[in-house]
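Got some structures for you, see below.
Next come two complexes built around chain A: one with chain B, the other with chain C.
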Partner chain A sequence: MYFDPVLMIALPLFAAFLIPLLGRVSKEIPKYVPVVMIGFNLYESIMMLPHSMVKPIIVIIAAWKPPLGINLTIGALGNVLALIISLVGFVVAIYNVRFVQKEPTEKYHMLYMLMVAGATGMVLTGDLFNLFVFLEITSISSYALTAFIRDRNGAEAAFKYLLIGSLSSTFVLLGIALIYGTTGTLNMADIAEKIQHVDSKITIVALILLVTGFGVESEMFPLNGWAPDAYSQAPTAIGAAFGGIVVKAGVYALARLIYTIFNFQGVFFFILIMGVITLLIAEMSAIRQKQLKRMLAFSSIGQMGLVLIALGLATVRGVEGGLFQMFNHAMIKPLLFLSAGYLVYYSGSKDISDLDGMGRKKPLLSFFFAFGAFAIMGLPPLSGFWSKFIIISETIRGGFVVVAALALFGSVIEAVYYLRVVGRLYFKQPNESEKTKYVHASAILAMSVLALVVLFAGLFPDMVMSYLKPAATELVDKTAYIKAVLTAGL
Partner chain B sequence: MIYYVAAFSLILIGAYAVLVKKNMIKIVLGLSLIDSGVNILLVALGYINGKTAPIFSNPSLKAEGMVDPVPQALVLTAIVIGVAVTALALTIVIRLHDHHKTLDISKIRELKW
Partner chain C sequence: METIPLILLILFGSALLSYVIGKINFVLKVGVALAGILVSGYYFLQLYGQAQSYTFRLLGFDIIWRINPLSWFFGMLIFGLGILVAIFSTSYMKNKERVDFYCFALCMTIASMFGIVVSGDLLSFFFFWEIMTWASFLMVIYYRYEAQAAGIKYFVMSMIGAYSMLIAILMVYAQLGTFSFDALASGWSDFSVSFQIALFVLFAIGFGVKAAVMPLHTWAPDAYGMSPAPFSALFSGVLSKMGIYGFALLMFVFGAGKLAGSVTTIHGVALPSYILAWFGALTALIATLIAVMQDDAKKLLAYSSVGQLGYIILGFSLNSSMGTTAALFHAVNHTIFKGMLFLSIGAVFYRTGTRKLSEMGGLISNMPYTFFVVLLGIITMAGIPPLSGFVGKWLIYEALLEKQMVLLAVVAFMASTAAFLYCYRLIFTIFLGQRPPRFDDVKEVPWTQRAPMLLLSLLTIYLGFYPYGLLNLIGQAESTVMGLVPMNLSQSILFNDLGHVSTIAVMNTVGTVFVIVFVLFNTLYKRSRKVGLKDIHTSGEVPGPEINLHYATDFYQPFSRSIRYVLERSADRLYGQFANNLEGFFDVLRYVYTGNAQTYALFVIMFLAMLLMFTNWLI
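Entry: the complex of A and B
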């Protein structure tokens, strides 16, 4: 039994703007609003899952039937991503309850809610312009959250992010203008049907504009310059949310564009090559980093490179692997970030070299970090192994042996720098300095949930895959999606 | 035609400001110029010569005499978004100026790859 899916966007938006008022009543309330609201989203997306797996759920808003009105189109893919976003959002919201001490806390919670609501909207909507609006809601709140810590570097990172982000959204808007000018519609399914009659010179320009625009949020090379700064200067929980929420929504938009809306075979090869370049450059930059959070940020870009490779393969199995990789990354990267945040806090510096011996001083935190590192490297019983295995074997089957070799090479580099940190945690003598403050129970709870999901997905990959298969099929074969939307009003 | 020329010149002027200027306020101005350019382009797409705004104030006005209202709705939304981005950008510029005592973006480079 699920409620109207519009509530998944409307309620968090409404609650976000209610937070300042609630904060006047009591300082305690704003902390729990995101937990409740995103918890509701989580419930909704779990309850909708059995329905959307069979057939996309089309929500008609204000009785304007598609293709005229704005409608929500919740197919298998959108629902899986909404589930990932709500799950990460929920876990990070639990972590936030005790983590956010710095004033103004209510603004933090408000912006966080807006970010999650925007990302949820991006994956649920069936309208191209609506996608742009939700992209803007997500990115404006991300800019503000990047600058939340009022120091020099936070503002600098936020300004960089804002510059590249707002330029990219201009590209998106230009692309939408071109598409609307030639097809006369904004509904994604309707565009997909009409775009084959449009002059291919115009569609290719629109495609380039839109891919550039959404490439920024999905961390595609060379548009990912914002990522390392934003990840490392934002509050830790926000860094986790960037990896688990914002980037996922960006990749969804990119996948929707290249698979559903446009009809170019050449773009897949382009995405594949960009994926390889993104992966290699990010991994090589990560190994040079001295700060823990920057290293994690580059590793996050590298993971996205792997997802792009999978999307560029354009086979059902390959896309499945890519989605699995997105799922893994969404679970593991927040785990790494949240534990790294506390490790950095205890060691008193952002540098990796100051983490010596934390494994003995803070065994639980170090365990979570090591667990996440092993999972993301792809150690067999954990979930990272399966997604990498699928992607690389699919790449070889697709005939791209060189790409597979390069991806494996990237994975080796990844293993090197993660093991270097884990080794420092456990096999070095601890420093003398001691901070006696305990990890909050809410943070432990948040990290345990993520670790359990990772372990579960690693032990039962078939169960996860059974949900990802319809999602991948929806992308590769777009006819069912188009038909479901365009016949919804009849 | 003139609208398209105006739109693209605004976009190009804005892009020039963003890419070349060192002063952060000018960069933000450039961003909002690009925004305006794109908005004009959107409105121009929906404009049909000799037709008027789709407001049902005059009963003699028929649907054939109206321009496409969808781009206008889009532009309204885009203007609001543009205002939000510009305001936030200026806030960040103010904070950067507080910390660095300069508006020159080439002097603010503490974060590097």
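Entry: the complex of A and C
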């Protein structure tokens, strides 16, 4: 039994603004608010899953039926992504409970809640302008969180992010204005229906503006300049959330755009090529990085490149692979970030070269990191293997053997730099100095959950895939989606 | 429950269990691992002669696990050596650190190798192949600190091989829509010639890395050398055989052998196969030359292993029944004698703590059993009658001559002769000569280590005397799976058009000569005085123990000078330089990310502008 899906956005938003007040009552309460709220979202998205798999759930707000009113359209795709976002959000919230020590903690929790709520809103909404609003909520809270550690680097990274982010939202807004001006509607399904009758010279400009705008959030090269800095300078848990939450919402918006709203075939090939370029440049840049979190950021971009390749294939199977890769990346990258956060904390420096011998000193953390590295390299039986396999398989089936070879070449580079770090953890003599502070149980719990999900999804990929298949179908075949939305009020 | 999944379950289960339970105590973790391997070995034996298969669907792909004579043949190698290695490890790994990790990786490797041989489709083949890679990688890095470079090199090269194979697999899938071997076997001839050649090359790179064919061998010496000694035996003896298994599949099951019908042939062998044959032969020759110059016992064996695998590849690439028989027979031999030698080197290391040949000497009286095993091992390795190595080599030469490839036969023969040099080096520097004083108290290894080595020695004697059981098994595999007409066999004589050899006659002759010499030696020299190992006199003076009379250093100097040309060119260094240059290039490239916000904003604008200029890209 699920509650009104609007609560998934409304409650976290409301709670976010309540946090500062609750913080006055007790310092302890704000820590647990995100856990409870995002836990509720997780519950909701799991409970809705069986329903949305069959038929999109259309939530009509204030009795304005689509295409007039703002409505939530929770199809298989939106629900799966909401589930991923809530799961990552929940796990990171657990981690946050003890991780955030720096004042003002309640503001941190508030911004974090806003970010998750915004991302959830992006994947659930059926309205293009609403999408923009939620994008703004997500981005603005992300900018603030990037600068949360109030030092020079954090501020610089946040400023870069802000600059690129505002450019992107300007373009998104322009694109939406163009669409609204020509079709006279903001409902995504309705736009998809009406856009066929609009001159393609206008719509292509709208498409370009929107692709550029959402390309920034989905880390497409060359729009991803903000990512390395933001990932590495933000608090660790936020870095994890970027990979698992913000980027996923951005990719969702991009996919919605090219698959559902617009009807251009060339754009898929373009996305495919951009995916390869993104992947290769990111992996090449990662190999000589000196800072651990920066390296992880580039690896994250590389993974998104693989997702873009999958989206560019425009086949159901390919999109399934891409969604599986998004799921894996959403589980593995936070695992890597969270363990890296503590490793960096214990070594006292952000540099990879200072991680020597941590495998001896912190066996569990190092194990989680190594596990994550193996999973993201795509070694069986962990889940990364299957998604990579499907994507490469579909790429070759689509006739893009060279693209597949290049993507695999990127994977080899990835293996090299991950192994170097894992090597440092285990192969080097530990340094003498040691901080004797234990990892919090909440952090261990968070990482164990992620690791177990990765292992489980790797051993039983069909379980995950059975949910991704309807999602991929919804994306590739848009008629069912349009029909469900437009007939909802009747 | 079906036997094949049961075996896999037991093996993977014991890997996890020995790791988890292993935290409690030593006996338990080793016990679990050993029991797991033994029980699954028992179930495996029962699969002999059966044709079971087990299929299920995963992610919409059909997964087939099946057993046939060919997979039984390779499974036999896995379990045969696997069990002996596990027994050897019980005492070898005692009191070592991280035994649970060792047991985990050992069981995992054996399980994944078994998975490879029972796979009836390319997907599960690749799946288990990758598991094998990382499990053995864990083993290579067991001695953490110095093992890093070797481990990463091994992993990266394996990955390049695996991905090249993956592309081939997926190209097949794109064409046929299924991963099953059977479909590939029947569909191969419909592919265009260039497609067939592309598949051949990609698969050959994938298998060649594991089988350490030159120039893809550079990981092998380091990885074999770094992993714990019992595992080196398994590594060289069985794991590298998975590459050989791959070649067997490629040539005779997938159908690359059929290429001969559509491309240029040389001596009746398709050009790609002929090139592969040269790769095999040159690998045999060059690796042997390098092996001669090694001072590290394990590296010596590693290079020798690379060389011997070259012979096997050579046998396969002839695409004939004789060549295949020779290759498979030699594969078994290689498993046996590399098992013997790596285990003995492990035993010596266990007692002396060194692998440097120049530091050892005179251990014959301390470790007589080990000496005996090494003696038999090098006799087999050199291919001298009457042990089984002779049969294998004989078959290879015969197969080459049958195809009238004289030049290849000459190269193979040269390699075989050069192999005598390292064989001698191995036994002389460790067991003969003057013993350094610090090894005076070295004792023979415990029975748990002696027994596996001696069992393998018995096996090589048996196969030298009576190879027909094994040849029969190979014949079965050839006729049922590989589509070849098995070689003509009788109970005691191998014969074909060129001539024949009777192993029993050979055994009898050698036995008689041995007895005669033994008797003569003992009667004629009865009166000779027994001299202690260190009782050496030079020109009437008695040298003290500090004077080195045992020149195990700078062995084969003139030889090394004469082959300097070969040694100077190292593929390993070349790859290292290439990788470094590539990394340097990447390093330049990464300044795309300038760290400057204005630049990034410019990128965004440029991206937008470019798209707006070339809108017809997107339509």
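By our rule, the second predicted complex is superposed on the first by the 490 of 490 C-alpha atoms of A that agree within 3 Å, B and C clash if a C-alpha of one lies under 4 Å from a C-alpha of the other, contacts with A are read in each partner's own complex, and residues count from 1 in each chain.
In this text, contacts are C-beta pairs under 8 Å (C-beta built on N, C-alpha and C of every residue); 3 or more make two chains touch, one makes a residue touch a chain.
Here the structure is a predicted model, which means the values were calculated and not measured.
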Which of chain B and chain C A:Leu379 touches, first, second, both or neither: second
Partner with the higher number of touched chain A residues, chain C or chain B: C
First (chain B), second (chain C), both or neither touched by A:Leu167: both
Partner chain in contact with A:Asp229 - chain B first, chain C second, else both or neither: both
Contacts of A:Asp462 with chain B and chain C, given as first, second, both or neither: second
Partner chain in contact with A:Phe427 - chain B first, chain C second, else both or neither: second
First (chain B), second (chain C), both or neither touched by A:Tyr112: neither
Chain B versus chain C as contact partner of A:Ser285, first or second or both or neither: both
Which of chain B and chain C A:Phe40 touches, first, second, both or neither: neither
Which of chain B and chain C A:Phe159 touches, first, second, both or neither: both
Intersection of the chain A residues that touch chain B with those that touch chain C: 159-160, 163, 167, 225, 228-229, 285
Chain A - residues contacting chain B, complex: 129, 133, 136, 140, 143-144, 147, 150-153, 155-160, 162-163, 166-167, 169-170, 173-174, 176-177, 180-181, 186, 225, 228-229, 233, 285
Chain C partner contacts - residues on chain A that touch it in the complex: 159-160, 163-164, 167-168, 171, 200-201, 204-205, 207-209, 211-212, 215-216, 222-223, 225-226, 228-229, 264-267, 270, 281, 284-285, 287-289, 374, 379-381, 385-386, 389-390, 392-393, 396-397, 399, 401, 404-405, 408-409, 411-413, 415-416, 419-420, 423, 426-429, 461-462, 465
Residues of chain C touching chain A in the complex: 58-59, 123, 127-128, 130-131, 133-134, 141, 144-145, 147-148, 151-152, 155-156, 159-160, 163, 166-167, 170-171, 173-174, 583, 586-587, 589-590, 592-595, 597, 599-601, 603-608, 611-612, 615-619
Partner chain A, residues of chain B touching it in the complex: 11, 18, 24, 27, 31, 34-35, 38, 41-42, 45, 70-71, 74, 77-78, 81, 84-85, 88-89, 92-93, 95-96, 99-100, 108, 110-111, 113
